[in-house]
Amino acid sequence: MTKEVMNVPRAKKTEVVSQGHLCMPEDSRKRASRRLAIARGHLESIIRMLDDPHIYCVDVLRQLKAVQGALSGAGEVVLRGHLEAHVATAHERGDTTEIIEELMEALKYT
Amino acid sequence: MTKEVMNVPRAKKTEVVSQGHLCMPEDSRKRASRRLAIARGHLESIIRMLDDPHIYCVDVLRQLKAVQGALSGAGEVVLRGHLEAHVATAHERGDTTEIIEELMEALKYT
Amino acid sequence: MTKEVMNVPRAKKTEVVSQGHLCMPEDSRKRASRRLAIARGHLESIIRMLDDPHIYCVDVLRQLKAVQGALSGAGEVVLRGHLEAHVATAHERGDTTEIIEELMEALKYT
Amino acid sequence: MTKEVMNVPRAKKTEVVSQGHLCMPEDSRKRASRRLAIARGHLESIIRMLDDPHIYCVDVLRQLKAVQGALSGAGEVVLRGHLEAHVATAHERGDTTEIIEELMEALKYT
């Protein structure tokens, strides 16, 4: 799944490439992780809600929507980091077609 | 948040009403809970992935998409149970306007 | 595609049933039609934009998003009318399972 | 709205830049235009459907979904062209931050 990169300019290597792969920028990684931890907590509280036989459907729908919003927010962080670190430099690396094909595929059915 | 129901016909009481509230059908509750437990496991594995500095953005996007699909599936279970247990009987209970207003609001920005 | 209805109470017949079918409430039909006429005008203006070789991609994306919002708005009008006129009365008619199956199918992949 | 570009390398000028602006690649423009013309035809047929008082809500929802799919397809064509022609070359032009900010903003609330 990871993207092989052979001849990447030195300067960018520390940031986004390691062991011949494009890697997620650390800042995106940390921010996405924090958001997902919050989403997990929220998801756990919905699972506990569902143990209560008096729970009302629409309240569950509302909470699910909130978690989906949190996941979309995390996805936005990851996408932005990918565009900045890897897509914006694709023409220089010479892998524009592949990297965009891969991204369009991953974004499908969002 | 819960929906007050005063004069609900006796027969439906055991299923979907308790203590004067509309309640989620047990079957939906159990099925939604199982799906969300799976989604939680998947979400936890993404959070662990994000500890690895060699992770690649597009792999994270793909995993996030899978979790969002699982949450949508759980939402579908809840919505179907709500339509069957509460919306399809709204005209008999006499709260059609309120129950549909509430549902449309909850579905917004899906 | 249309939903056969045999023994519908007389009073609702004029509104939502004709020739043995469930029909869209007139108010929803008129409101959805107006909204779609506006969306069509907007869509035509995007098609004209695309004749201009100097057009910028992101401007087209923004306009497409606006038209998609207008279509969602029209879909919301139709869904609300359907819930009020046909789903809320399903238990009385005795076709709850079929009408909800059909709706869940139509809402899929929104 | 359009993106000012001052010092773009000569070679790419013919394709994607004109009069100091980034312009949509001709191929995307033509393909998006053809898809939107089809979507317009489909939308017109829904507007005609809505003149018929016997139309059924769920049939309208299904047709609306088809048009929304066609618009998403056109949006995908435009996005792909933008990523290839403008985002993949952003680092070379030196406008990575601006072009990604602009794109993330345009994709919001998809």
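Letters A, B, C and D mark the chains in the order given here, with residues in each chain numbered from 1 onward.
By definition in this document, a residue touches a chain if its C-beta (ideal position, glycine included) is under 8 Å from a C-beta of that chain, and two chains touch if they have at least 3 such contacts.
From a predicted model like this one, the values you see are computed outputs, not experimental measurements.
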item	value
Shared chain contacts [chain B and chain C, defined touch]	none
Distance-maximising chain from chain A - centres being C-alpha averages	C
Length of the line joining the C-alpha centres of chain C and chain D, rounded to whole Å	24
Whole-Å gap between the CA centroids of chain B and chain D	33
Per-residue multi-chain contacts in chain D, two or more chains	79, 103, 109-110
Arrangement of touching chains [line / ring / star / complete / other]	ring
Residues of chain C touching chain D in the complex	1-3, 18-19, 21-24, 26, 28-29, 32-33, 36-37, 39-40, 43-44, 46-47, 50-51, 53-62, 64-65, 67-69, 71-72, 74-75, 78-79, 81-82, 85-86, 102-103, 106-107, 109-110
Residues of chain A that touch chain D when the two form their complex	76, 79-80, 83-84, 87-92, 96-97, 99-100, 103-104, 110
